[in-house]
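Given below, in the form of structure tokens, are the structures.
Shared between the two complexes below is subunit A, which pairs with subunit B and subunit C, respectively.
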Partner chain A sequence: MSGLFLAILGAAFATFMAGIGSSIGVGKAGVAAAGVLAEEPSLFSKVLILMLLPATQGIYGLLVAFLTLSAVGVIGEPVGTISVAKGALYLAACLPIAFSGLISAVHQGKCSVAGINTVSKKPDQMGKALIIPAMVETYAILALLISILAINGIKPLAI
Partner chain B sequence: MAILQMQRINIYALTKHCKGIIEALQRAGVMQVEKLEVEDSVFYKEDTSSQQASYKRNAVTLANAAEILSSYVTCKKSLFASLMGRKVLSKEEYYKRLDDYSTVLQSAYSIIRNHKKISENKAKIINYQSKIESLRPWENLDVPLTSTTTNYTTTVIGSFPERFDYESLRLAIAHADSDLEHFDLEIISSDDNQTCVFAVCLTKDYERFMAALRKNGFILPAFSADVSASEEIGRLNEKIKRRKTLSQKCVDEIIAQKDLMEDLNFFEDYFTMKAEQYAQLENLSYSPHTFVMTGYVTKKDGEKLAQLLFSQYDAQVELEDAQGDDVPVVLSNSRFTEPVEGVVASYSPPNRKELDPTGVMAIFYYIFFGLMFSDAGYGLVMALACGIAIKVFKNMETGLKKSLKMFFWCGVSTFIWGLLFGSFFGDAVSVISKTFFGVDAPAIPGLSVPIWFNPTEGAGPTKLLMFSFLLGIIHLFAGLILQAVNYIRSGKVLYAIYDDLSWMLLVGGAALALLSTEMLASMAGFMLPSVWLTVGGIMALVGAVLILFFSARNKNPFKRFIKGAYNLYGVTGYLSDILSYSRLLALGLATGVVAQVFNQLGAMFGGGLIGAIGFTIVFVVGHTLNIGINALGAYVHTNRLQFVEFFGKFYEGGGREFKPYSVKTKYFNIKEEI
Partner chain C sequence: MSKSEDYIYAVARIRCKEGKLFSSKNLEQMISMKDAQSVKRYLSENGWSLSSGAEDSDALTEEEKSVWVLMKDLVGDLSCFDFLRVQSDFQNLKACIKSVYSACDPTPMFVQGGTVDPAIIYKSVSDKSYGDLPDYLSGAADEAMSTLLRTGDGQLCDILIDKACLNKVYSLGKVSADEIIREYCEVFVASANIRMAVRGVKLCKSADFFMRTMAECDSLNLKSLAVAAAKGFDEICSYLSSTDYKSAVSSIKDSLTSFEKWCDNYIMQKLRSQKSDPFSIGPLVAYIIARQTEIKAVRLILTAKINDLEDSIIRERIRDMYV
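What follows is the complex of A and B.
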């Protein structure tokens, strides 16, 4: 097993797990949004914003995967062989956003559904409905931060 | 950055001017009318609910008519319709348009009537069509469907619920009653679900014959007609044709009204306004010849409104400065900070005892948004789009205008942060020059090289993380200072020391002390001299002691100490608050890195013409997507930092929003300057 494989496995985890989470979250919110639109088409822009909130985790996952891929030279400038230890480190660095992204996106999706319900009844409460799902996202952001810092820190290590 | 002084306004006038005053106040839109509970031997209230209901009904009628009309006539609706705002009418234009009152209402009724007719016709046509469908199997029968008798025979017409041919049907009947001989039958039509049969039998055998047939599931047809089936189908088709012409006539009549759209909208607004006027009339108190009303105006409008009412309607107006918690709140801010008033209002307007946080918040709002979005190109796009929209669409609704102004300033801030970090559509400048010109980009400060530092490379992330925490601490301290000012304004100077200075000492001291230790120094990239460890430690200690002994206000010293200790535990809250600002870095990086991803994807097409086309497509689509998703993220998380971390430190809110009685319409805005 080469180090490169481990690093790409990490990138894959980050992308598909966070992506799964976002798909579930956005999917749930999308169902609710479509329901509201049947009654109130004028709320389209508002429910669209709420629906997109859980989409960010997928992007964070993509971002971490991209950083990993460019760190191991799969895209951009080549960096030479990656040792198994280093590859394993990259894999570990990808895990925070993979798991946190998956679970937080699912739960953020639930909050978005509730927010869409709020907006359908009281469109002027958009500001508050937006903040509640954002609370959940905090933990995806923290995970993203750790993943980024870790990848950045692993790069110069000589192992 | 202030809460405006409000005035209580009392208006006394003759009842004959009542309508005029109510209309003028609505157009002026500066006064919040309050319910006046004066009812005695002289003053009485009036119930206007029936008038309100009738005006509302008319408004609904016109809205329906407009909706029907728009479903028959395609009206061009601009892409920017939501930016256009309502059309402004002067008072004179408004009164001139009112002349068409009855004709427009008549037309609206006729549109609705015609629409009703059309749907009735549609229902009828469907009814006829289903009749035709059920007649189809009988089309080959050339006698009427009603059975007749001759002297000795009786005809039987009906169907079986399965497929039979002549042989098998005879067999089935013989099976049911083997003695039956004298009958004849003819299969009109047959399919898997039904076999239609015409039969003749002897009248004396009729009962037996029917019994034999019924054993096989025979049923009589559900309809009868005195003509043959094919003739009946012809008749029905004729009817359908007639209904269709009728419908077409109604459609034509509706389409003929296509120029009426604007009038329909105008009168819908008119009736909405009327209903609102009558609703306000309930807040008044009347005597036989006069009435009195009360409410709030801002101080700057009060005098002008009094002038207007006195000169036009001989009204006596009393103004006095309003005090107390129940007075509605109006904020007033500079052009730079005013746009975020909407964000404050969406949390809760400030109560009358506290400072308006808008000014301080606006500065942090723009900084944080810019830092999270941090791309010069994106900032430029955003600022330009908002700026142009504000310039082009003059009639835009105030709320929307405020939001666009806010995003304009956010865009400017984004632009500046982008230059500092050297991000212009990500690393577009260097990617383009490398891919298409084969050279390294010239070092243009802000566009290809950062003015300050690049947060995506090397020690960049940790540096920006430290900077984010620093901004966070400043933000939190700003909140504490605002709370201190609120305390001092209400004469509680000691509270400001116990609750605010204490925390600033503790948090600030701890930060200083930590920065002079090895642990954090390696992250921050610098280390304070060790004297700061002592200074910071002492500051933190003083702060902690203040919190422990004074932050609780119990008389009982023991309880006070316990509660103080609990308050001191709140330091963990400060820790998580400060860490929360790490999102400034994370979202900033997200924007930058995703932008770089799209640039790299675009560059994969290589150089040359095809490469240029591919790059352009990927560039436009990718960056549009990135702007959308990251602007949303920056907006939401800036709000969060303000609402949770910042407001959590000092803000009470709960003020009553000033809701002036004004023209609340959909299409037209009737204005009268006061």
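What follows is the complex of A and C.
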């Protein structure tokens, strides 16, 4: 098993796990948004924002995958052979956003559904309805931060 | 068990509609209006299909129908609401049996939203052939009809149908996966048992009579309630003080009307927890009951205004609203 394979595996994890989470979250919120729009089409812009909140985890996963692929030379400038140990480190670096992205997006989707319900009854409470699901985002951002710091930290290691 | 995702769309739509339900403040506004025309105008302004020329009862029946049309649109299969719908079936059965017995038209007495077409119930009762009815209805229809023909006692006929209804609602509640449905069915049956006990005291019925007419439920010990009911009113209050229904005691002491109001308000209080649930069937159940309560309140106000009744009489009977 080559180091390059492990690194690409990590990039794949980051992309598809966070992506799965986002698609579930956006899907749930989308169903609720469609329900509200069937009754109140004027609330489109408000429910759209809430619906899109769980989409960010997928983007974070993509960003981490992009940084990983760039670090191992799959895209951009070639960097030579990647050792198994270094490849394993890249794989480990991708895991925070992979797992945190998956779980936080699913739960953020649920919070967004609740927020959409709130806005449908009280459109003037949009600000508060937005803050609640946004709190879940914190943990995806923390995971993204750790994944980026780890990838940047692994890059100069001579192993 | 239904998946929570099944109701996300429906609950979101219901949340929009909840905002249009009348609050107690709206009802108070209607009560304070000088006549029925003003109330009708207010209702029309709020999207109700009542106008000065329309037949009030027809328009309110249409409002009742619209609740079930909406639910059909939202969930497709209405069987998840059978614990509410069978109550209409039994109500329609009572109307059919009495109309067959007294040879009158049952149509004005029919209620909307049942699982069986009232015309089928009527045909089965008039033909005394109950094969087209579901099991839970055919047994009750046969027993109630033959009892009425044998004894001529309409009250006994009602009691038999009511007990069959309570047993069916209780069994539907027991098998439901949703807590709010289980809770509703439990409170529905328990409050009916208490009502039976309170009414029975006035008629000096025996403990054996109460045991035969009350339906099984978890939150009341039927034997204790029946024995208490046979002893008297104070014994019922004393027994209820040791149950979940101790808050009903003061309303029972007040009047039967007050107790019936307490029952509806108690169920409404339980349903309010559904305001914060975005996923389950609970908010749909709460909306149906809230809408039925709202229509009943409007019917009461209109009837009272048409008949020039005192506002205090209306207030005494108006239930708490969901919003």
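The rule is short, and it goes like this: the second predicted complex is superposed on the first by the 159 of 159 C-alpha atoms of A that agree within 3 Å, B and C clash if a C-alpha of one lies under 4 Å from a C-alpha of the other, contacts with A are read in each partner's own complex, and residues count from 1 in each chain.
The rule is simple: a contact is a pair of C-beta atoms (placed from the backbone, for glycine too) under 8 Å apart; a residue touches a chain by one contact, two chains touch by 3 or more.
Just so we're clear, the structure is a prediction, and the values are computed from it rather than from any experiment.
Visitor: Using the touch definition from the top, say if A:56 reaches subunit B (first), subunit C (second), both or neither.
Guide: first
Visitor: Tell me the contact category for A:36 with respect to subunit B and subunit C: first, second, both or neither.
Guide: Touch partner of A:36: subunit C, not subunit B.
Visitor: Which one hits more subunit A residues, subunit B or subunit C?
Guide: B
Visitor: Taking the superposition as given, does A:145 touch the first partner, subunit B, the second, subunit C, both, or neither?
Guide: A:145: touches subunit B, not subunit C.
Visitor: I'd like to know which partner A:120 touches here: subunit B for first, subunit C for second, both or neither.
Guide: In the superposition, A:120 contacts subunit C only.
Visitor: Is A:103 in contact with subunit B, with subunit C, with both, or with neither (first, second, both, neither)?
Guide: Once the two structures are laid over each other on A, A:103 reaches no partner at all.
Visitor: Pick one for A:26: touches subunit B only (first), subunit C only (second), both, or neither.
Guide: neither
Visitor: Both subunit B and subunit C touch subunit A; at which residues?
Guide: none
Visitor: Which of the residues in subunit B come into contact with subunit A in the complex?
Guide: 343, 346-347, 458, 461-462, 465, 579-580, 582-583, 585-587, 589-590, 593-594, 596-597, 600, 629, 632-633, 636-637, 639-640, 643-644
Visitor: Enumerate the contact residues on subunit C facing subunit A in the complex.
Guide: Listed in rising order, the residues of subunit C that touch subunit A are 5, 8-13, 15-19, 276, 278-279.
Visitor: Given the complex with subunit C, which residues does subunit A contribute to the contact?
Guide: For subunit A paired with subunit C, touching residues are 28, 31-36, 38-40, 110, 113-114, 116-118, 120-122.
Visitor: Would you tell me which residues of subunit A are touching subunit B in their complex?
Guide: Those in contact with subunit B are residues 49, 52-53, 55-56, 59-60, 62-63, 66-67, 75-76, 126-128, 130-131, 134-135, 137-138, 141-142, 144-145, 148-149, 152.
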